[in-house]
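A, B, C, D and E label the chains in the order they appear, each numbered from 1.
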Amino acid sequence: MTDTILSVQTVAEASPGMRLARRFLGQKAFVIGAGILAVIITLALLAPLIAPHDPYAQNLALRNVPPVWYAKGSWLHPLGTDQLGRDYLSRVLYGARISLLIGISIVLISGIIGTTLGLMAGYFGGKMDLLVTFLVTTRLAMPLILVALAVVAMVGGSLWIVILVLGLLKWDRFAVVMRSATQQVRSLDYVAAAEAAGASTTRIILREVLPNIAPHLIVVATLEAASAILLEAALSFLGLGVQPPLPSWGLMISEAKAYMFFSFWLIAIPGSALALLIFAINLAGDGLRDVISPEGRV
Amino acid sequence: MTTLLEARDLTRSFEVSQGMFKARRKLHAVNGISLDIRKGEVLGIVGESGCGKSTLARMLLGLLPPTEGGITLDGTDIRTLGRKGMARRVQPVFQDPYSSLNPRRIVASIVALPLEVHGIGTAAERRKQALEILDKVGLPQRFADRYPRELSGGQRQRVAIARALVMNPEVVVCDEPTSALDVSVQSQILNLLMDLRRELGLTYVFISHNLAVVEHIATRVAVMYLGRVVELAETETLFRTPRHPYTKALLASVLTPEPGQGIPETGLGLAFPDPLNPAPGCPFHPRCPARMPHCSTTVPRLLQLGRDAVACHLHDPGQSIPSTQ
Amino acid sequence: APALAGKADNTIRFAYDQAPESVDPFFNNVRIGVIIGQHVWDTLVYRDPNTNEYKGQLATAWRQIDDRTIEFDLRQGVKFHNGEEFDADDVVYTMNFISKPENKVVTQANVSWIEKAEKVDKYKVRISTKQVFPAAIEYLAGPVVIHPNEYYEKVGPKGQNDKPVGSGPYKVTNYVPGKSITLEKNADYFKDSPKPQPKIGKMDIRFIPDRQTQMAEAISDGVDFIMHVPKDQAEQLEAVPTLQVVSGETMRIVFMQMNTLEGTPAPALKDERVRKAIIHAIDREGMVKSIVGAGSRVINTICFPSQFGCTDEGATRYPYDPAKAKQLLAEAGYPNGLQLDIVAYRERNQTEALIGHLQAVGIKTNLRFLQYAAMREQVASNKAMLTHQTWGSFSVNDVSAATSNYFGFRSEDITRDPQVRDLLTKGDTSVDPQVRKASYREALKIIADKAYAVPLYSLPVYYVATSDLNFKAYPDEMPRFWEMTWK
Amino acid sequence: MIGYILKRLGLALLVALAVSAITFFLLRLSGDVALAIAGEGAQKEDLDLIRKTYGLDRPLVVQYVDWLWQTLQGNFGTSLYFKTDVSRLVLDKLPTTIILGFTALGFALLISIPLGVLAAVYANSWIDRLALAIAVVGQALPNFFFALILVMVFSITLRWLPVSGSGTWLHFIMPTIALGYYVAPAFMRLIRAGMIEVLSADYIRTARAKGLPTHKVIFKHALRNAVVPVVALTAVQLGFLLGGSVVIETIFALDGLGYLAYQSITYKDFPVMQIIVLLLSILYVLLTLASDIANAWLDPRIRVA
Amino acid sequence: MSEAILEVGGLSVDIATPRGALHAVRDISFSVKSGETLCLVGESGCGKSMTSLAIMDLLPKAATRTARRLAFAGEDLGKASRKRVNALRGDRMAMIFQEPMTALNPAYTIGNQLVEAYRQHCSASEAEARERAVYLLGKVGIASAAQRLGQYPHQLSGGLRQRVMIAMALMCGPDLLIADEPTTALDVTIQAQILRLLADLQRELGIAMVLITHDLGIVARIADRVAVMYAGQIVEEGPTASLFANPRHPYTQGLIDCIPVPGRTVPGGKLGVIPGVVPSLIGEIRGCSFRDRCSHARDICAATVPVKETEDGHQWRCILENAV
């Protein structure tokens, strides 16, 4: 608290937004992570413009062409072609869209479920808290991969099924974090002050509590997006995720693993792309967390 | 003076768990308190940490439902007033100026919140009103668009006071409004509170553990110990002729900046008040230098002595016969 | 550790990607089950894989008594692995056991034709069929193995699975469900069996689900024998000096179904032009050449050419012709193409290639890759549009085991042409080979002319083995370890 | 204490019940068991027969109650696919998975505790950055991809380790690494964060003010307190490892529960799936109970004399 | 009077922050003799704790200490090795912290924590150490001390914990005791008890004590000498009686004025105030740091302000000769 009093004059120089920006930019990890992420997102958005070929167009005469840096490679297919003669670069570019779509959609679904549950539990406490805690325990007790695999195996894999199943299963972290964050905020006096000002419960939750736990929400969302993308890749790897010919990176790894002993680049390219994406998201998420709560790099 | 806010047999208990392996226990944070707060007065409430001051304050504000007993405002049960009804007449100022302001709102929006909730005026009007009240509490216009983290503790507390006053309430419940502040800032806030009271005819409930401050600001003082009021008196009377041994000990413990007086001996034992395991009989008896045998068996009642009241066997001859059990 | 095994201690280590649900051949329907079954058990009749000629195995001779009854003379002096002697009781017990539906034999299609068996004397039995069933000998030479009656009666199918006992060239010495099974040479294997006396002492069969793990094991000399290696990988493994790659055609055919039933989710498929467009769109030769691989051939009718009754004589052929396909689609009212679902369950890379070809003529497909059962459910409940199917006929060398399954109004049939059904039924239940052939030919021709399905190609199988091994591939996907030797 | 444990066991039971019900209905609603049992080429009559013999023609709730009743009696049913007792099948595979789970956990702790402590003690130094880099990279590599690379390097190229199987301890090395490295970063971060927090605690200053040598301050006063949340995480992560071994066991054909789970999923072997999920959920709840008790043992504030 | 046990000359503490160096303590000097109690008083954030931590060499990593002289019993702490400092800490110089709730390690019994330092410094056996712990617990007024040794901190009340902290500080018989706001977290009645105990022990054992507080009431009652800190500097220092009777610095005067004192201030009346807020300590600070809150400020206050002194050792840093 001493800090705050003393900083009065110094802070007056910069606007809050500026200072926040400065704090973010001071975070090397965040800058790197967000930078890579921005590049990947741009490439994904621009895929239709920059992809040299139709990612679905196959050419059985030009199968498994190695990337350009191999002796047999050519600039026609800078990253080579896959087992059906499809341009690998184009597929990787389009794959970014799918991975991002998966990450974002799953986080949206699970985030809405988890945040709602967490807010209710944290704000109302008592029986509601018991109920939500029980739900979370139950959810945590269910082996996620197993249940996801089983359901996808039964219903049949497809992009939206995978998103739906994982979205409905992955809300636990949101609920847990939002619950404790809400509990914390709930006990603060400004909530009591809003109550004393006559504000309704809904209003307090939406206007006083939610904005203050939003930073945690964003951090969880980034990290969960990374884990969702990985999870989808694992499902696809086991053949129970997204279906061909969609160029999901997990699926590409799964298809390429057949060639890994002799055409390593086929698995290395989507594998590194995936690792890079996860790396960037985690780095950005970490940085975000450091900016928000510099002490706890959990 | 007319009674504005009245508490009858107010009790509040909490279920608390003490570690995983122990059963949850009942903690009586406030235990059968009856108080009347009269229009225009400043009722000081003092007591040690954990004696239930804040719990009482929250109940008076209608933020916490009592487990037993009730509160009336001008004769109507506050439960029938509803949250909004209460908000127009009773407002809080909390202890910690750091957690009592929403860090994501600018000052003007914090102060205008009650207006917004009650749908008073347009956004522009509300802002204007907020600026006026900010001016009144001594915060210039330029602070209106700042975030709380850009303010000092004293400035924040001014914002909190402005928020409490924007609806023109009758009663302001101040829960240790200065204990988080440095003395130099404390005096600013105390002066401000006194000025506002004079100007607006406010009634204060002023909670503090600092007796010097209470003596300075209050017209009447209630001394609390472990959830009960042990003494209630006009300020002057209380400080001149304290009746309860605990009040005496409290007064003795006040260290005024007078060199050479040394540290007083309070006469209190080493026992410490534990709200979870209150002593049987008079809750203060384990520490009381004047305890008598029946103090450990019989709970003293709050004895009315003229306009004052005290809960101590020393002053209650009618109860001097111990109820043996 | 990988080092100690293989030729040195006369053990062949064989990895397969799927564990059989049960070792008892009647209680599994997977290839590895058939392979284990043929090594641990014997059948009454043996079909020589080289000449396709039937030879006596547990039977020495047989004769048709009437349309529905065959009499077998049984071999004397054969012993099961537990010492139990083989005689007519074993045959009668086995036949009667498997033919009763309440015994829940998994491979119903293989046994449902059996009515009963009767003992004539100790070494003579009669087996009767429910209907006239010309393919009976073929089945008796394949999936219908003979169990030891005393042991089986005692332990039941569960015990037979836990500790399997047969009369075949190998006996089971260790079985961990889902993990591995070890077979050892049966030193007392009867000399006159058409299966030669085994040379390889031990077979260590491990179930490794991941094909890359299998390949890694093969490369690092962790296993000696793997099969069903995809073409591309097999070709790559050829470069490894310690390995040999052998490919062979199998009886498994690959085709696509098109749902033309009432209430089909894809009404467009009811238009013959659309169906023909689909066939024209697919470059079957190209796929065979670059994806499917050596040992595969393009088929024009929905059956495997070596099967009795299978022919493409007179059936319409649809060459690869995307332009024609587009034109047919336009004629049918789909100048801008159309969108269809396709369900599939194996050979995913081939499905992808099919999808690519269809996309090229404007047919967008949405793949639903399912487990076999789920796919069947889609088909049976009239929810499928296109299917990418394969069918191995249980290695039964007769059209009744193939075409009839998909066009005989069974639940797999999503075209349901009564004319075709009647012709197939006639073929299935007639005794005269000429009558049978004629009816099948007629049925196959209608299927082709009306483009009810897309015949694609036969599926080859690639075996990768240590180069020390002498072995030969047969079209029935049956590696015969009893005849293999070390180099 | 006893009361608390009983209460927790009751909760465990409730959770197990909920998990079993959810998975039961989820799985039954998303596919047809009879078809799964029947396999390739089965006809309508076969399906009807199967439905009848397996009782699949009854309402789902009845099937669930029946299943639950049987399970409670210790009758876990027969594997649809392997035709053997589910209990035997699961018991056979359980040790492998438990061993793998613990070795992976041990591996994770072995690398994360020293790294976490170092990173905290030398916070914001290059050691910290390195540890963080290891953590972030570790979490970014999909474990199946990492497992395949391990195979490439150690089995194909170097030929040091067997690719698959569970015969000797050598078989466990790669699966242990592949599985363990993925959870190590979580531990490392937690230990780091815990240590940083604890190192700035007042009682650490007290210890230093007493003139204690640094190693005593770090290992006696700090680590002991920082390790408390790690215990809680251990339970969760062990549960995660057990569940997550599906992928790894499948790749390494390690004959454990995860592989069995994968098989049962591909074969739609409901009885086995149900029991594995149930078992893992019970294990999870018991693990959290155990970790709470361990926590209490470590943290006298909870233990209470 | 005996030798100065602690000499501080020109001590500064700078803390690296993202916004630049924060000058938490700026060139302060004082000394404490055996048996003497010096109180450092000042408002929150003025650098009191940093001063005490700098003496004990317990500063946070981001902070750096510079001093012309920092000597304990004549020994230069600035040049002492880490080992030597460790040997002095807890043995001859001890410290009590503000928060009795968090200053004890929750994971170990108080017995364990009490004997630790003693065994470290005095190479005593466990039994001897325990005996001494029991003796000292008795001394700080804890009954049935032997049983208490087996208890964990959370089982004690705040007052008891602070007593344990005091006993712990006394284990090795220190020459210097630094107490950083030892009673701020306690209730007033308990505060009085603890302060009394400290004062008694200090007198009895003849220890030099540096007591840090923001409460002028405590200062008045316990200190021999007082140093008033403002924004990292000592603005006024002198014998207690003289300083309270005759505060020379406007800040000291302001502080005294803003406390309500029963009898002296009018109930409900106006209290004295110090307008404005404490300046930022980041960046270079020139001249009197109090000048923008001071009613006596003049232009020359922006230049370096001289220290004035009277004969009885009363010093102040102001252009004014006397309090107004």
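Just so it is clear, a contact is a pair of C-beta atoms (placed from the backbone, for glycine too) under 8 Å apart; a residue touches a chain by one contact, two chains touch by 3 or more.
Going by UniProt, the chains are A, D = Peptide ABC transporter permease; B, E = ABC transporter ATP-binding protein.
Predicted model only: the values in this text are computed from it and were never measured.
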Using the contact definition stated above, find the chains touching both subunit A and subunit C. D
If I rank A-B and B-E by number of C-beta contact pairs, which comes first? B-E
By Cα centroid distance, the chain farthest from subunit B is C
Tell me which chain's centre, taken as the mean of its C-alpha atoms, is farthest from subunit E. C
Quick one: subunit A and subunit E, Cα centre-to-centre, how many Å? 51
Counting in whole Å, what is the centre-to-centre distance of subunit C and subunit E, each centre being its mean C-alpha position? 90
Please output the residue numbers of subunit A that touch at least 2 other chains, ranges allowed. 1, 5, 8, 153-154, 257, 260-261
Subunit E residues counted as touching two or more neighbouring chains: 44, 277-278
Contacts with two or more other chains occur in subunit C at residues 212, 216, 219, 371, 374
Parts of subunit C lying in touch with subunit D, wherever the complex brings them together: 1-2, 19, 21-22, 27, 29, 101, 104, 106-109, 157-158, 161-162, 176-180, 206-210, 212-213, 216-217, 219-220, 222, 371-374, 376-377, 380, 394, 405, 410-412
For subunit C, which residues are in contact with subunit A within the complex? 211-212, 215-216, 219, 230, 232-233, 236, 239, 283, 286-287, 289-291, 348-349, 351-353, 355-357, 359-360, 366-371, 374
So in the complex, the part of subunit E that touches subunit B is made up of which residues? 43-44, 141-143, 157-160, 187-193, 195-196, 199, 214-222, 240-241, 244-245, 254-262, 265, 267-275, 277-278
Interface residues, subunit A side, partner subunit D - complex: 29, 134, 137-138, 140-147, 149-151, 153-155, 226, 230, 233-234, 237-238, 240, 250, 253, 257, 260-261, 264, 267, 271, 274-276, 278-279, 282-283, 286, 295-298
Subunit A contacts subunit C in the complex at 56-58, 60-61, 63-64, 83-84, 86, 153-154, 156-158, 239, 243-245, 255, 257-263
